[in-house]
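Input: a single structure, listed below in structure tokens.
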Amino acid sequence: MFISVKKQAAFLLLLAITLTSSAYAQKAPAFSLAGDQGRVSLSAYKNKVVYVDFWASWCKPCRKSFPFMNAMQERYGKNGFQIIGINLDTDKKDATNFLKKNPAKFKIAYDPDGKTPGLYKLKVMPTSYLIDRRGNLVNIHKGFKENEKNKIEALIQKTLKK
Amino acid sequence: MKNIKNKLSIATCTLLGGASQQAQSGEAVDNAWDLDSSLLYYSEADDRVSVTKAMAFLTGDISSEDSVNVNLVLDTMSGATPTGAVRSKTSGVSSFTGASGASSNIAGGASTDRVKFSDTRLGIALTWNHGWDRLSTISYGGSISVEKDYQSYGASINYSSDTDDRLRTYTMGLATTYDIIYRKTDGTPEPMSNVEDNNIFSDGERYSYDAIFGISQVLNRKTVAQLNYTISFSDGYHTDPYKVISLVQLVGDTDDGSYTFSELERFFESRPEDRLRHTLFTSMAHQYGDSGETVHLTYRFYTDDWGIQSHTFDMHHRTPLSESSYIEPHFRFYQQSAADFFMHSIRYESVNQELPRYASADYRLDDGTGLTLGLEYGAQLSGGRFRVRFDYINWQYEEAEYDETKAFVLQVSYQKLFD
Amino acid sequence: MYKQLLLVASICTALSGCSFYNAADEAFTMQNVEPWQRDILARDDMQLDPDVMRTFADEHIYFSKEASTGGRGVGGGGCGCN
């Protein structure tokens, strides 16, 4: 009787640990969206560190984040780092106009129906999701402020080393 | 972007809740500097008051969490304003000379119902907005306003907080104001004293305290609404040191209305030493139609312990003319009930009649309505935003000696964005 | 006063004539708005106070001519306006 209780407790503990760790190592939801040249799919970037950023033309801090993302792509692209900027404008024209003024040196994907942000439980525009080489979500960064750039870059470096 | 607007909202006596509108649209802090400048001309018919107002509002971020607003206002006022006395039979306006066209001479007992004045006002307001955390902002404000016969010093603190989904914002604000009131050449006249006696007291002082509680809510993709409750208490000198009230006898037939007022004496007006006000303010912005027309509606209910109740309805309707320009008609309706102590004049009863403790013939405390019709044109230029508006205002009062005020407002504004 | 009330009444009638009710229905229906659906709400002309300077000036004008004031917020300064 006592043994069985202990066994059950041990089992539950094990289960809890398994569940927690699996929740911790959460897989980034897959997506496949229209891009400028063909489709942009997360699955195409296996073994790379991927930085998924949700943005829209009407979102001011999104614009502020573009120079930073361009710099990150240029600096770490050779180390297997890829930024995917998922645009959420309902009208693609707005995105195109925005990109003329703010050129992107990373992959752009278009999700005018807003399907992907739901999968990623997006709360704030912009939000970036850092995904490691195994496809696990390692960090979610809400908003964009100039004084947070160093923190994000350090996380990218750390994830690239893993 | 109207980053400045949102921030100024907290800064000035404008809306709370607008402060986090930007948050509601899912954005963080913008680093842009923004300068809005404006020139306004206000003029009343029949050579009454005219005002030229120059304004400059500057907003900028000083860190990722902090921004400041600097507001400068310079008013130049002149004209003639009703004193509260009944209309004199001889002439309309008395003419006073002096460096500033000082109106203090009414203490000398000039038999006029209007008095010329001119003044200049300089107002400075500073606000510091600090991001408390990801969802909330706290703002500290200070303001100074100086005229030749009035000084005002204010301090305020406002807090706003968004819900996690950023669809709702709660706001709370406290403000205190210290006002010093006097006449250009001397202090304040003894309330209800005879103008002839020229009994002058020292400067008047008034302390005011305001608290506001507000909530704003995104209703759907195209609508945002707001509700504010404000309670204000003020203690001290509330009287207008220039206003007077006539002791009159009716001459003529009161039955068929063919009578005139014959002024016997003139007294300085007197208002209560405190005032408690409650205000309920609602506001909404809504967009509709394929061309993106927007409508802004506000309704305000106001009541105070002077017996005044008022309703204000305001509407702006913006229609785009092109991608970068719009036209916007404006409509406003205002209705107020009179203060308990408002009277056109004091009726003569007997030689030893007792004067009321509080009495004012200021038309602004009378039963009345105000109607505004206006039109604005705005255009987005490279690097800035231009707009010009014209408003016509008509106020009508029930009993006051001057029972109508007609005015127009012309305002030209340009907002420069520094990215 | 009655002349003005009449004018108000006629404007309201005109408004109700142009499918005012449909607009009101659309405006007041509550719907969840996801963060990426706030393009319209982010517009300058959709802020609750779209022109702070104009509002500031108007509040000053009406404050100096009417017995009631305030409601939008607290702070700012007073004046001894005629």
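The chains carry the letters A, B and C, assigned in the order they are written, with residues numbered from 1 in each.
Heads up, the rule we're going with is that a residue touches a chain if its C-beta (ideal position, glycine included) is under 8 Å from a C-beta of that chain, and two chains touch if they have at least 3 such contacts.
No experiment lies behind these values; they were computed from the predicted model shown.
With every chain reduced to the mean of its CA atoms, the largest distance from subunit B is reached by A.
Of all chains shown, the one whose average CA position lies nearest the global CA mean is C. Looking at B-C and A-B side by side, the one with more C-beta contacts is B-C. Computed centre separation for the pair subunit A/subunit C is 41 angstrom, with centres defined by C-alpha atoms. Centre-to-centre, using mean CA coordinates, subunit B is 16 Å away from subunit C.
A straight line joining the Cα centres of subunit A and subunit B is 50 Å long. For subunit B, residues that reach two or more other chains under the stated contact definition are 1, 22, 25-27, 166. Those residues of subunit A in touch with two or more other chains are numbered 58-59, 123-125. Among the residues of subunit C, those in touch with two or more other chains are 35-38, 42-43.
Interface residues of subunit B, counted against subunit C in their complex, comprise 1-2, 4-6, 8-18, 21-22, 24-27, 36, 38, 40, 42, 49, 53, 55, 57, 71, 73, 75, 77, 79, 81, 117, 121, 123, 125, 127, 141, 143-145, 147, 149-150, 152-154, 156, 158, 166-167, 173-175, 177, 179, 181, 208, 210-212, 214, 216, 218-224, 226, 228, 230, 232, 242, 277, 279-281, 283-288, 292, 294-296, 300, 302, 304, 306, 308, 310, 312, 316, 318, 326, 331, 333-336, 339, 364-365, 367-371, 376, 387, 389, 393-396, 398, 405, 407, 409, 411, 413. Residues of subunit A touching subunit B in their complex: 58-61, 64, 123-125, 142-148. Here subunit B touches subunit A in the complex through residues 1, 3, 22, 25-32, 63-64, 134, 164-166, going by the rule given at the top. Put simply, subunit C touches subunit A in their complex at residues 34-39, 42-43.
On subunit C, the positions that touch subunit B within their shared complex are 1, 3-5, 7-8, 11, 23, 26-33, 35-38, 40-62, 65-82.
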